[in-house]
Structures are given as C-alpha cells and as structure tokens.
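The next part holds the structures, each set out as structure tokens.
Both complexes shown next keep subunit A, but they swap its partner, so subunit B is in the first and subunit C is in the second.
Take a look at the complex of A and B:
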C-alpha cells in the first residue's frame, strides 16, 4: 500500500468542498497530478494544491492507496465521499459529509466530524475518536435510502437524527445522542452506549436500537414486550424489549408481523 | 436576420414527403424559405448527417406548481446532477424534475423546439407562466385543466354547450392557456370526498354528472369554439389492471363528432399517455397488455390522436392532477406523497417512483408503450411521449427511438428483465418485428403532434413558410449502425435552429433563443350569464379576487397569440 500525505497550508475563505480526497480519485496518480484535482469553494473551482501540500504517491488502485490528511481541517467537507476502497486517516476535526455514500475501505478521524458523516453509506468502515454531528449515517435530505451497509463507530457523542431511513449496517455511539434515532428505519442496528433523549424509532418499520443508558421520553408508538438476556457488542445484560412503531405499516414473516425493536439495558 | 443554408443532409420530413433523400434547407428571417431566396447565407455542411424539423412535444409536465412541488420535495433528484454554469449555459440541476434552465437546454439538445405543458391549474397559471418564461429556447403553451372545474360541471350537467364554450374562451384568455385539458374527469373532484370516478358512468358526488357527460360536453364545446387543438384527455381509471375498457369507453365518446377547426387538425379527441390506460387482467398478479384492442380502435378511427406515455425504466417523479391516483400509488410503493387541492378547479398529487427492470409490472408497462407505437397504422396520429416525468424523464426520447427503430435493442432490454418469460407471456411486444424508420419517427415527433395541436402552419416540417426550427444530427442513416448510436446521436444535436436563430453549434448551446409563449384568444358572442357566474363564484368561493387571478403582461414577455373567432 502506498501513502499520500496531505497537509493543509491555506484555509479556504468559505468551506472547501473536497470530494476528490479519496483513494478513488488519487489512485494511479503522483503528487504532481494529485495537486491538480479540482475542489470547490462556493461555486469557484480551485486546485487541491492551492490548499494542500501533497507528498508521496498513490497506489495503482484505490484499495492500494492510503491517504493521511493533517492540519486544521475544520473547514474541509466531503473527505472520503463515495470512496470504494483504500484508507483515509484524518488527524483533525473535520466538516460535513465524511465518508458519505461510501462503498468500501476505511476512514479514521482522530477528532470530531460534523453533520452527515456516512450519509447513504453502503459499505466500509468509519471510525471517529471524538464526537459526531447531526445526521450520522442518515439519508440525504429527501431521500428514503439511508445507510445500507458498513459500520460507523463514534467514541464520543452523536447529534440528532442518526440513522434516519437506515436500511442496514451498524452505528455504534460510545456516548450520548440527541433526539430522533432511526426515524423511518427499515433495517440496520444502532447501539447507543450512553443516554438518549426522545423520539427513538419514530415511524420505524424494521431494525434494532440498543440503549445502555437512559431514555428521557419513549415514543408512544412503542410497546413493552418482555425482558431478554442478550449480549450486545461485548456487553452482556438484561434488556427491556419494546416494539414499534405501531403506527407504521409492517411486513409479515411466517405470519408474524415484524416490528422495529428497541432494547434498553435494565439497571440492576 | 441571419441566413442559413443546411446543405447535403439526409432529410426526413413528412410535410414535404422527403424520406431521407439529400436536400438543402434554407432559413431566412426566422422562417424556412426556398434556397433561391438566400443571398449570402452561413453554410452548414450536413453531408452524412440527418436533418429534421424541430421536435414538438404534445404532452409534458415541465412548468408550474406540481412540477415545483416535485422539485421541492425531491432534493435527492438533484443529488450529483448539478452542473455549474458554462459558456452561455447557466447552472442547472435535477434529473426527473430538472430546473427550468435544464429543461430548455436538454430539449434543445434532443432537437426539440416546441413543448406543451400538459396541465396548468388555472388558479396557478401565473406560476406556470413564470416557469415557462424562465425556460429558454423553447416555444411553449400550457393546457388549463377543465375536467373537474365547478363551472364546467354545473354547465355540462344541463348540457349547456354555449355557456361551457364561453367559459372556456374566458378562462383561456384569463390564464393565457392553449387548450382544453381534462384529467380524470370528475374523479379529482370526487377525491375531495375521498372518492373517485372509476368508469365513465360513475357519477361525481354532489354535482351528479358523469365523466361521460363531462368529456362529451367538452368535446362539443371545443368544436363549438373551433380551437386549434382538440379536447386533450387523461381518462378515468388510470394505472389500474383492467382499465382498457374505460379507455375504449372514453374513446367512443368522440364518435360522430366532426372536427370544426380552421387549424388543419382531423381529430376531436387527443388521449394522452395511453400506455397507462391499456391494461388487462384484474390484479397486479395477472395484469397484461391490451394494446392490441386499444390500437385496433385507434387505427380505425380518424378523429382520434394519442400519445404513448412510454415507461423508460428510470427512477422518476410522478405528478398529476389525478389526485386519487397518486394516493393509490403511495399506498403501493410507500414513498413520500404530496397532495394538493386547487379550490373550485382541480387537485394534484406527487409521488416518486422507481420503474425497475426487476419488477414484472414495470417491464409489462415498458412493453405496452412500445406496442402502441409499433401497432400504429398511421404514425401521424400516435406521438412519442413519456408523459414526462410520469413514465420517465423526457431526456429518454432518443432511447425510445432506439427501441422503436431496433428489434435488437428491444431484445437486449428483454434479456435484462428479471421476469423475462412472464413479461413476454403478458404482452405482445416480443412477437412484433416492426422497426420504425426516421420518417415515421419524424411523423410521431414532429409533423403529427404539430398537426394535432393545430400548429402545422408553424411547426413540424421543413416547407417554406414554416418556422425556422431545424435540427441536424450526427447520424448517417445509410450506413450500418449499432442501436446505441441512435440514442447517442439524437441526444446531442450537432446544430439546432429555433425560429431562425442558431441555438446549438457543434453540439454547444450558443444562444438562449427568443422563447415565445403561445396562447389562444377566442372571440365569442357576449354571454352575460357566464360573466355573472364568474363574478359570483369569485365573490362567494375563491380566495382571490379576479384582479389577482388573470395572467397579464409581464408574465408573457414574448407572447404569440393565436386568434380564433367563434362569434359566427
């Protein structure tokens, strides 16, 4: 695997739309070619090299390409957007749409990510050591095709609206989450190791939510069924199982209606 | 104005009867002229290329409130489809519900120069005109919807043709409309009660009038006035298995009525997107093509024209004044739904839809649309449309050409269907080996629709005196070609002239043209009763006053008025 190192040298006046920072765009290119890749500030097109020092070279394919991005990237959006393979390490906080519509490969952010990380994600892995903003692993605005595969792990907290229209894959949040979890979900698994606020599983058709901490307000569309002893991501315990959203349509499997499932760890 | 001579192209023109022979086409002062009339023209070398008149779309949803609902509630339709400004082109976006700018540019790229907006809610005519004004290049007109309008329902209940006609004349003038459109006659009004009209004899609640009375009455009123276009109908029962009988019943309402129009059309009814109306069976499990029955009727009745409503197997946005149908659709696909009521006049609904080649019904729909065109005896009466964006986006017209012109292309699509055998069993298409030629395509996309619209004195052909609307395509019909070459060439005109202005040069858009909006101004005898009814309805029911209703001046910066005198 070859490595390309990007270090930001000029901060953009607005925000930098850098969806070319992917192993897919870099593959087969030398540093001199990578600096010429297009990026946008507002409606103006610039070169990647106008903002970044670039060193090293990419592998022949995305899968053989690793990108390490450094400096203050808090005004850089769309790192790893639509990537299909390879690896990106971001050593900073960074802005919106990290790994959005990602299909494969691995992104590690040593810092915080802003909203829409993993939007419409189909595969691969995103690891965030800090916090995530709103709409983590959600669908694009208006779209009904949310996260369908892959895994997102956030060590800290996540904002509101995570897993909206989620259809598959897994999101694990180490800390707390804001309102709206798995709204409209039709699949997938969300694990919240901290506390949740309210509106979990609104209009949820299918899928699973696990909460280890408190839930401020349960949705009225969820009904308590039973306590179950299960193991969730290494944590064994007794969970209260709720099913919902009872107000939504639900498929039947072997004559049984399939509901969204919400498990809450029962405190000893 | 500039002069152009398009030399040595292979010309396909039903108006002149030229079937691919080499000919020179001359343009001067905005019109087609004899080549001898030119003095120092710019020469366009079209050798080895195809030359046709500008395309005419008789039915598309490209402007107005429901198109904009589609744009607003489908931001995902613009995802990854934005294109920044470039040269004369401004920024554009959207796939199935493109921005107004992209609408103009993309029609032009396909060699189209005239596009009719197929459903204008009268109350929102201003919005429709604002969007048409912002759509570059194309000449456009809009059809106000009449089939669920309270005035019409009340007059036609008593068969008051003269009053209906006077109201039509007034509304066309007030809204700057082009033709009489009817969508699910009575059914959309019934939807206000949570009901529908399932067949032509199913009465409308409260008004107690049947769809048959509405349709027949509007045809009679249309012919009383002698409007350029005929009554243009989307019948009841759209999109339901077994609905072909409703369609035939609707067709039959035109029987015995003769066209009364100085504009050269022969039909008294245009039935739109007939693909959606040609289903047999009684459920989605056994739905089948009834295109043969439909086309047997169409082929033997000269006073009828139709358009296809071809399914293109894309993700798209459905939108129609057929409110109950859109509710039915959202119940089927569980995707988001918008619904609107337009006071006293109409309603509408919008739902995204994915026509997947893996779904049997979608593949059957694809077959039915093509069958209609391939079973047509007279291509001057069967027009290419996708009911954009309902069955697919208009940018697929060149792909439909490919399917119509190449059995091999159709075989390739059959092979890509997941349920190929079941689809073949439920349809006729696999047994049809007809391949249309470019002359027939020109009939279905140019001369035919222009004639049906009563605009054959302006559009649809290359005879001297017609508008200088000419397209040149990088396609040599005399050399062997792969099916995909048709799609590539006709998606990307090499040259396009609109009213004598060169709009595309070497595949690049170089001008925004001089877009015109067509509307029909009909003179009728004074009718105090109708004017009193209009005043009273506005006082009693409308939320706006008459002054805030009529479309005036600045909404149509470049109007083209077609005058009709119905006072005799």
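Take a look at the complex of A and C:
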C-alpha cells in the first residue's frame, strides 16, 4: 500500500470542500498530479495544492492507497466522501460529511467529526476517537434509504438524529447520545455504551438498539417484553427487551409481527 | 373625496384574507381607513402612511450615522457586494411577491449565493418532514366546508393568525358544517393555557417538549395497543378519548405551528404528526396543514421548488442546487462563518435570529431591503426602502394552503420609490455586467 501525506498549510477563508480527498481520486496519481485536484471555497475553485503540502504517491488502485491528513482540518468538509476502498487517517478534528455515501475502505479520525458523518453509508468502516456531531450514519435529507452497511465506531459522544432511516450496518457509540436514535429505522444495529436522552426508536419498523446506560424518557410506543441474557460487543449481561414502535407499520413473518428491538442493560 | 376599494388581499400573515375594504383618497395618494382586517393587518396598511417613513436608500457612515444615497448607488453597492463575495447569503423573501422572488433567484444563481427564506427559523422543519414522508393536505376552503374535528397543535391562531378561526377553522358555517362552531370539536395541544385553548372543547396541556411522544401515543391508541399510564403529562384515558374523538369525525384537520416545529425534535414532531394524519385516513378523512407565518413564505418555497427543486436553504455556490438544513441554513452559515456577505429582503433576522448570528451580519458587508426600519436595517451597511407589496404594488402570493392569490395595489407609493422587483431587476442587470455574462 502506497501512502500520500497531506498537511494543511493555508486555512480557507470560509470552509474548504475537499471531496477529492479520497483514495478513489488519488489512485494512480503522483504528488504533482494530486496537487492539481479541485477543491472549492464557496463558488471559487482552487487546487488542492493551494491549501495542502502533498508528499508521497498513491497506489495504482483505491484499495492500494492510504492517505494521511494532518494539520488543523476543522474547516475542511467532505473528507472521504463516496470512497470505495483504501484508507484515510485524519489526525485532527474535521468538519461535516466525513465518509458520507462511503462504499468501502477505512477512515480513522483522531479527533472529532462534525455533523453528517457516514450519511447514506453503504460499506466500509469509520472510526472516530473523539466525538461525533448530529446525523451520524443518518439518511440524506428526504431519502428513506439510510445507512445500508458498514460500521461506524465513535469513542466519545454522538449528537442527535443518530442512524435515521437506518437499513443495515452497525453504529457503536462509546459515550452518550442526544435525542432521536434510529428514527424510521428498518434494520441495522446501534450500540450506545453511555446514556441516551429520549426518542429512541421513534417510528422504528425493524432493527436493534442496545443501551448500556440510562434512558431519560422511553417512547410510549415501546412495550417491555422480557429480560434476556445476551452478549453485545464483548459485554455479557442481562438486558430488558422492549419492542416497538407499536404505532408504526410492521411486516409479518410466519404470522408474527416483526418489531424494532430496544435492549437496555439491567443494572445489578 | 374618497373611494372604497373592496376585496383587498391582506399582506400580513399566511391566512391571506381576501375580503378587506380600504378607503383611499381620490388621487390614490393617501390610504385612510381599513375595514375587515385584524389589528395587525390594518396596522400594516396604515403604516405605509407613516409620516416618518424612509423613502430613499441610506448608507451607514463610519461614525454610525446614516447618509442618504440614490437608488443607483444602492444598486451599485448591492451588485458589487454580491459579485465580489465567494459565498453570499441571500435571506428573507417571505414578505414580497413571487415576481420579486423569481428575479432574486436569478441573482442568486448568477453570484453563487445561498438562498434561504424565513422557513429556516419557522416551518422549514415541516418541509423536511414533508420530504421524508409526504403530506396529506387540503385547502382552507375544504376545512371551512367539511372539517368537524379541528386540532391546533403548538399554535395560537387567536394571536398569530387572528382571523383564521372565524374565516376557516372554528366559527364559519360551511356547506357541510352548517352549524358553525356547534358542528365542530376543537382540540388544542399546548403547554400553555392560550386564548385559543380557552375556546377549545379539549385542551391537552402537554408537558413541554414531549410532543413527539404524545403524537406517537395517539398512533398507538388508534391501533388499540397498550399505552403507559401517563404520556407527556396526559393520562392514557384522555389519550384514548381524544383518539376516539378524532376517528369519529367526518373530516379531521391538524393545524400546527412554531410550538412543534421549533421545539425539541423539530422535523420529527411534524413527521409524527403527518403519520398521525395518515393513520387517521384509515378511519375517516384527515388532513394536516402548517400555520405559515409571513404572507408569502409559502410562495418563496413554491418559486424555489420549481426553480431549484428545494423550498429553502438552497446552496447555489457550486453552480448547482444543493440543500441540507443544518449546513445550508442561515443560522448555521452565519454562526460558522461560512458566508462572506449578507443580503436581506422582506424579513427581519435582526429581530428573530440569535444574537450570535445577528452579530455576524453586523460584521459582514450587508444590505437590507425593507419598507420599514427594523432591527435588521440597524445592523446592515445599506438600507434600501421599497414600496409595500400588497399595498403599493400587487403581485402573486401563496396562502398557507398553497393557493396562489394575486395581491392588489390600493395606493401609490411615495414619489420615486422603487418596488422590490424593480430594485432587484436593476441589481441583476448590474451583476450580469460585473460578471460579464
């Protein structure tokens, strides 16, 4: 695997839209070609090299390309957007749309990400060592097909609207989450190791939510069924199983209605 | 001598009343009296006659004082500001006609602006919900003639849309609602005992910020499933009762306002309310309608809908339309320093945006186009006063139920004043010159 190293040298006046920072755009290019890739500040088009020092070279295919991005990237949007393979390591906080519509490969952010990370994700892996903003792994506006596959892990907290319209894949949040988790979900798995506030599984059709901490307010559409002993991401324990959202439509399988499942760890 | 103009449209709120009578002087120079309007609507007409009205553009001086400038100078400043900016914000658009909105959209496209309207702090969240799950709606005429179950959720028309209840929702005697008020059951959901709640048959005094839960509980109740004992501060027996009341009607209508669109959950509250409406259609006829505020905020959504495909928060900076509230909405752009110039027309962000956003407007090159002196004109570099749409110039406006109504001119604007559309047309021409297109 070949490595390209990007270091930000000029901060954009507004925000930098850098959806070309992907193994797909870099593959098969040398550093002197990569600096010519387009990036945008508002309506102005610039070269990637206007903002970044670029060294190393990319592999022949996206899968053979690794990108390491350094410097303060808190005003850079869309890193790893629509990538299909390879690897990106971001050594900074970064802005919106990290790994949005991602199909494969791996992104590691050593810092925080802002909103819309993993929007409409189909595959691959996103790991965030800090916190994530709102709409982590959610659907794009108006799309009823949200996250379909892949895995997102956030060590810290996540914001609101986690996994909206989720269809598949997995999201693991190490810390706490804000309101609205798995709204409209029709599949997928969300694990919250900290506390949740309210509106978990609202309008949920199918899918699974696991909460290790407290839930401030349970949705009225979720009914307690039974306690179950299961293992979730390495944690064995007794979980209270709730099913819902009772107000929402549900499919039947073998004559039985299939509900969304919400498991909450029972405190000893 | 005077004359009376009848069937005048009121350019204040989204109810767009069309039965006003206005007395004007024979020479069309003075507007003297307004009949049939609510207090707010009448004041809007009468305010056009204010003796201290600003009639020429003004530019802010170094020492903070205003200096009168010509319309040509204002056009030059505006066109240059927009053409120079990398990402200007063009906000407002809700208190003007569709014709002006259309010209403004052309400017936005030419300069790569972000176009946003007042829905961004109002019913924009409703529009997100509509995108997510659709909307079964109707016209206000249908409400008047058919609706016998009226639900006001998080809105207070007694004060915000004063004639809504008498013209459409509670009191009028319609074709199938001949007994007026007596033929309707009114339910109000509001954490506060409002004046609207005081005339309701049922007031659900919901716990603040628990609308989503109560809406979900109604859906559970429709399906006959079990509920917890208390949801959002409302006992379950009451919820089953209200669910039954709604199901037993011939036509149910849900009106909703800021209480749900801008409290916690925002679009999800509306999403759930639309789902309630959809569920109700299993048992009876039901519709839902946002209580739109500005008289033509609905129109700006319509105009951008057909021009760009999105009703608000449209980012044209890359030469094609993008939309994502949370990123391309005015307050997010301002607070995150994502825009470098601000153009405001037909709205007052100075009064309604958070202080942190208003401060950014103050720091940036900025123009406000508004007939009135407002908190926004106070923080902008240039203020361009214009004729009142619906009073001094006509034009198309959309009522809250998406019915287009042609507003009327009833009186002349002060000598030499431009309309929104005229001013924008000049700016567009100048922008095209500067851009060489």
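The working rule: the second predicted complex is superposed on the first by the 268 of 268 C-alpha atoms of A that agree within 3 Å, B and C clash if a C-alpha of one lies under 4 Å from a C-alpha of the other, contacts with A are read in each partner's own complex, and residues count from 1 in each chain.
The working rule: a contact is a pair of C-beta atoms (placed from the backbone, for glycine too) under 8 Å apart; a residue touches a chain by one contact, two chains touch by 3 or more.
Everything numeric in this text was worked out from a predicted model, so none of it was measured.
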Subunit B and subunit C placed together on subunit A: clash or fit? clash
Between subunit B and subunit C, more residues of subunit A are touched by C
- request: Have a look at where A:43 lands relative to subunit B and subunit C in the superposition and call it first, second, both or neither.
  value: both
Partner chain in contact with A:217 - subunit B first, subunit C second, else both or neither: second
Under the stated touch criterion, which partner chain does A:141 make contact with: subunit B (first), subunit C (second), both, or neither? both
Overlap of the subunit B and subunit C interfaces on subunit A comprises residues 43, 140-142, 144
Note: in the complex, subunit B contacts subunit A through residues 73-77, 79, 84-85, 91, 334-336, 352
The residues of subunit A that touch subunit B in their complex are 43, 45, 140-144, 249
Subunit C contacts subunit A in the complex at 85-87, 111-112, 128, 131-132, 210, 212-214, 216-220, 222-223, 225-228, 231, 264-265, 268, 271-272, 275, 279, 317-319, 323-327, 336-340
Residue set of subunit A touching subunit C in the complex reads 13-15, 17, 40-44, 96, 115-116, 134-135, 140-142, 144, 165, 179-180, 183-184, 198-199, 202-203, 217-221, 223, 245-248
